[in-house]
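In the two complexes below, subunit A is the common chain; its partner is subunit B in one and subunit C in the other.
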Partner chain A sequence: MYVAVKGGEQAIENSQKLLAEERRGDTGVPELSLDQIREQMALAVDRVMTEGSLYDPELAALAIKQACGDLQEAIFLLRAYRTTLPRFGVSEPIDTGHMAIRRRISATYKDLPGGQVLGPSFDYTHRLLDFALAAGDTRPVADIAEQAVDSGMPRVTDILNHEGLVEVEEPESDDTPVFDLTRESPRYPADRPARLQNLARGDEGFLLALGYSTQRGFGNNHPFAGEIRLGEVAVEFAPEELGFPIEIGEITVTECQMINQFKGSASQPPQFTRGYGLTFGHCERKAMSMALVDRALRAEEFGEPVEAPAQDEEFVMAHSDNVEASGFVQHLKLPHYVDFQAELVTVRALRKQAFAAAEVNPVSDAAE
Partner chain B sequence: MSNEHPVPSEQTAEQQSRRRWMSVLSKADFPDLDALWGNLPSKPAWTVVRPPEIGMVMVRGRAGGSGGRFNLGEMTVTRCAVQLDDGALGFGYVMGRNKPHAELAAVVDAMMQTPSRRDTLERVLIAPLSLRHDARTDQRGRKAASTKVEFFTVVRGS
Partner chain C sequence: MSTVIQHPSAQHPSAAKTETTPVAMIEGYNFAYLDEQTKRMIRRAILKAVAVPGYQVPFGSREMPLPYGWGTGGIQVTAAVIGPDDTLKVIDQGADDTTNAVNIRRFFAKTAGVATTEKTADASIIQTRHRIPEKPLTEEQILVYQVPIPEPLRQLEARETETRKMHALEEYGVMHVSLYEDIATFGRITRSYNYPVKVADRYVMAPSPIPKFDNPKMNRMPALQLFGAGREKRIYAVPPYTKVESLDFEDHPFTIESWEENCALCGATDSYLDEVVIDDKGGKMFVCSDSDYCQERREAGHVGDGGPPHTESDGR
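Right, the complex of A and B next:
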C-alpha cells in the first residue's frame, strides 16, 4: 500500500521540464517528425499498435516520440488514449484468406499453391551492421515483377484439411457472445476467444520466452510453422444507421498458423492440431510466439497434462500484459513510507522477541 | 481482393451499390479524394447532421482464420453524417482520425444517392479512386512477387 503525499510540486514540474529537454536531445540535431518514425521505425510502430491494442500508425508514432523510444511506455500511452474514445461497434471478422499478400511462407510445404513469397524479411540477412545506412541518404529500390502474387492463396491448413489431417476450425454461431477483456474481468477457466485477445495484446518478450519454453520441453508441443502471412485486409463494419457492412479501411496484419503433432485421444483420431497468432502490422516474432502459446494453452482440450507454465492459463493470462505488469512493478517506486514504518516496527519487535527467547532457552529449537 | 467477399443475398442492389461506393470512399487516400473533389464543377450545399467524430471500432479475427471470433484490438475511425438540400442523408465512416475525409465521404455518399448525379460522380470520382486503390494493391503485390522463391531439397549422399 502506498499513501498520498503532499509537496514536491516544483520538483515534479522541473523533472518534467528536464525530461522534455532530454527527450529533445541536442537541438543541433534535427527533431524527429512523426512521418519519419512511421515510415522508418515501422516495426516499432507495429509493435506499439499491437500491444497498445489500437491501430493508428500516427498515434503510435507520437507515442514512441513522447516515450523517447521506450516502447512499453509508448504502449501505455496508446492504451491510455484509447480509453478517451467512444466505441462505435465491432467489425465483421477480418478475412485473412482474402489478404493482399506481401509475404507468405510455409515451413511444411515447399511447393505450395501460390508459392513461397519472402516479402520484406530479416530472415536471410547476414546481421552484419550496414555502414551505408550510417552514411544516410539511401534510396533503395525494390524489384517489381510483371505479375502480382495470386490474390486468393489457399491456406496451408486448408490443404491439410482435404485429407482430414488437421483439426478444422469451425465458426461458432453468430449469436454467441464474444468475450471482451476491455469490458469484462477475466474468468478462469477462460475460453479460447478470451485467451486469444489476451495474447494479441500481450507482451512480445513474455510470449516469446513462453513459446521458447514449450520448444525446450516445458509443455512440448512439436510445432511446425504451417504458414506465416503478412499483408493487407479490409475491415468491414456495419454502422447501425445503414444496417449493412461497408469497408471502412484496410489494415496490415501478420498471421501465423502453427500445426502440431497430436497422437489422438479416446474421442479424436491422430491428427495435427493448431495454434493461432494474429497481430496488427508486421510482428512476426510475436505472431509465432502467440501461436505457440495458444496451442500450449489448449492442453486440457486435448487431454494433455497441464504441467508447464505456458500451459497454465491463469499464469499466462494474468502476467502477459506489460501495462499491468509494468504498473505493478513500477508502483514500488511510489512512496511507501507508512507501510515501511509499520514493517520497521514489526521487524524490530520480532527481533526483540527472538533475542529474548534465545537468552532464556538457547537450545529450545534444537530440542524440538 | 475484397470485391470477392460474398455479399449477403438479402441486400438489395441499391444497398450493394452503396456498399461499394462507400467502401471506395473510405479506402481512398484523402489527398486523392480531395483533389478529385476540387475538380468537380458543381457541388451542392449540405448541412452537417452529425459533426465528424473520432471513435473506435473493435477489430475481430477468427481463431485459425476460420474458427470462432475473437477481439484482436481496436482501430481509430472517424464518422460523420450530412444532409443535402434535397434531403439525401450521407454517412462517412473512415479509418483513422481525418475529419475532412469523413465529411467529404459523407457528402459524396449523399450525392451518389441522387440518381441524376450518380453516373457523373461514378466516372469522375468513384472509378478513379477505385483504380488508384487497385493500382496501389497491384504495385505491392508485384513487389512481393519479385521475392517468390523456389526451394530445392538437396538429396544427401547421392
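Right, the complex of A and C next:
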C-alpha cells in the first residue's frame, strides 16, 4: 500500500522505537558494552574510524553499536558527528619513519634492516572455523619476544632512495595551505593531496575492487608491496601562541608503500614510481587498495594513457564515498510518485499515439 | 479483493493546520544546526548564485545528520537563510505529510525551534522536493528546492570538467540534439520531469525533478528560488521575476501534462494530480498532489466526485 508512506510523525517515532528494540535483541542476552566492541571488534572500529575520518575508538564503538553492526551506517554516524566539531588547526605531518612498529613486512626484499615483523595478522591462519572460540572464555597469551623490535626501521622507499631508484617525494612547503576535502568542494582536475584525502575516506570495498581491476589489466602498473607497516605514531601540533610543535597524542596507523613500474624521461633516468596508502588503525586491505588506486590515478602525471576506471579521477573520486553513495542509492525508496505520474502520462500518450498509428497503418503484429 | 485508499489528508480533516505537537529543541547545537561560519560560507555561495542566475556555485557542503540524497542540500540552504521569526513549510511530492517532509520539518523544529506550517500562504520559507505549490508565491517568500543532480547536462555528459566548459561557452547543442532525438524517435519531447530550462537567457539549468507541469511557475516568480545539492556540493538560484524558459522548438512547443479527470476530493481542474490505485483491477482515483491546495479548496466548499472509482476504460 504505497499511500502508507505518508505515515507522518507517529509512524517515524514508532519505527524508531521498533529499531531500538531490535537493536537490543533478546534481552536475556547481556548487552554489548562499548569496551567489548572496542576491544573485541577492533578491526571494525578501525574501519569506521578510517572511513569516518575521525580517530576516536570510543565513538566508533558507539557508532557500531548504534548501527547494529552496519559499518557503513556507523561510518555515516561518525561523519555526521565529525562535521560539527570545531577545527582548531592542522597537525604537523606524522612521521611513519619513526613509528613504534607492531608489524612491518616487505615483499620486495627477503630481509632488510629491521627485519620482517609479522605482528598480528590473518595472513597465515588457516581459515578453519575455531569452535573453541564459540565456547568462549578464551584468554590467549602471546609470548613476549626475546629481542625488542629494532628501533631503526627505515622505510623501504628510503632504502631505494639512496640509489635514486624510486621517485623522490618532496613535502610541500609549510606555507602551502592544506586543502580540506570536508570543507571545500572538490575541483577537477584534482591534485594528489585532494585525491589521497578522498581515497583515505573512500569505501574499502570500492577501492578493493578498483585496485583489483588494475591487477587484472584495467590500468595495470606492475605493483610490488614495497612495505606495509602498522604501529603507533606521535601526532604533533604547533599552537600559534607557542610557535613550536608539541606532542598531543598517539594514533595507530597502517601505511602501505607500493612500488610500481618505472618511468624515465630525457632528464630523469628510469626509476620506480610510488602508490601510497594510509589508514587509521589496522586496515591493511584498505591501505593496499588505496595505494594501488593512488598509483593508477597518477597515470596522466606519468604520461600513461587514461583508459581504465581506476585511472579516471572523476570516476573514482566522485563515487568512492560510501556515505554519499549509500544515501543516493537509498534515496530511491523515498516517494517519487509525482515524477512517476508524469512518466505515466507521457507513456500513456505515447501508447495512444502508437495505437492510433497502427489503426491507420495496420501491420500484421501491431493489432495484437 | 479491493482495498479502498483514502487521500491521507481526507482522513485527517485538521491536517492542514500548523503542527500541533510541539517538538522539543535539541541541546548542544547551534541555531538551525550549522555553525555560523558554515552558514556564512553558504550565504556567500547563495549571494553569488543570485548574482549569476542559473549558474551552479560550488560550496563546501557539510555532512548532515540526514542521508545524502534525502535533502541535505535543501536543508543546508534553509539553515543558512532561516531566522527565528521565519515560518517553515516542508513538502515532498507536494504533500506536507510524507515521511521525508515530516522528518525535515521535525529537524528544523528541533534545531531552530521555528514555527512550522502546512499552509503555503503562511510560510516565509518553503522547502520542497519534486513540486512547486499550486498557490502562487509572493515576494515575501523563499522557495528552497532539494536537488539530486544539479547538472542539467549530466545524463548527456558524465564529466564535470566537460560540463563546466560547456556552460562557460554556452554550448548547449547537445541538449537540443537530445530533445530533437526524442522527437525523431517518439514524435514528441518525452522528458516529463526535470525538464531543462534556460534562465535569464544564459544558463541551462536543472529545475530539479519537478514535473514539467511546474516549469511555467518558475518563470518570473515573485519569490526567490534557491536550489541546494548537498551531495554534489552545488547551490544555484533564480532571483525574483527572472525569466525562466523551458527549452523547446518552434514546431514542437513546450506543453505541460493535463488530465481528463479532476481531483476526486476537491474537483480541481488546474492542479497536478496523483494517481491513487484503489484496487487490483485497474481502479484508480486522481487527487491533488498539493495537499494544502486540496485542503483549502475543500474548506472553501469545493467537492470532487469522490468516486465511484475511475476504471481504466480502454483496457490497454
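Methods note: the second predicted complex is superposed on the first by the 345 of 368 C-alpha atoms of A that agree within 3 Å, B and C clash if a C-alpha of one lies under 4 Å from a C-alpha of the other, contacts with A are read in each partner's own complex, and residues count from 1 in each chain.
One rule holds for everything that comes next: a contact is a pair of C-beta atoms (placed from the backbone, for glycine too) under 8 Å apart; a residue touches a chain by one contact, two chains touch by 3 or more.
The model shown is predicted, which means the values in this text are computed figures rather than measured ones.
With subunit A as the common reference, subunit B sits beside subunit C without any clash. Contacts of A:I251 after superposition: subunit B is touched, whereas subunit C is not reached. Residue contacts after overlaying the shared chain place A:F224 against neither subunit B nor subunit C. Here subunit B and subunit C are compared by how many residues of subunit A each touches, and B touches more.
Residue contacts after overlaying the shared chain place A:R82 against subunit B and subunit C alike.
By the touch criterion stated above, A:F302 is placed in contact with neither subunit B nor subunit C. Remark: least CA distance from subunit B to subunit C after fitting both complexes onto chain A is 12 Å.
On subunit A, the surface patch touched by subunit B in one complex and by subunit C in the other comprises residues 82, 86, 182.
Interface residues of subunit B facing subunit A in the complex, by the touch rule stated above, are 1-2, 4-5, 8, 11, 15, 18-19, 22-23, 26-27, 53-77, 79, 81, 91, 93-97, 137-151, 153.
On the subunit A side of its complex with subunit C, the touching residues are 1-3, 5-9, 11-12, 76, 79-80, 82-84, 86, 182-189, 314, 318, 323-324, 326-331, 334-339, 341-346, 349-351, 353, 355. Chain contact summary for the complex, subunit C toward subunit A: residues 3, 5, 8, 21, 29, 35, 58-65, 67-70, 72, 92-95, 97-100, 102-103, 106, 129-131, 148, 158-161, 186-188, 190, 192-194, 209-213, 231, 233-234, 257, 259, 272-277, 289, 316. Per the touch definition, subunit A reaches subunit B in the complex via residues 49-50, 53-56, 58-59, 82, 85-103, 110, 115-120, 142-149, 151-152, 155, 157, 169-172, 176, 178-182, 192-194, 196-197, 200-201, 231-232, 234-237, 239, 241-242, 244-251, 253, 255, 257, 274, 276, 278, 280.
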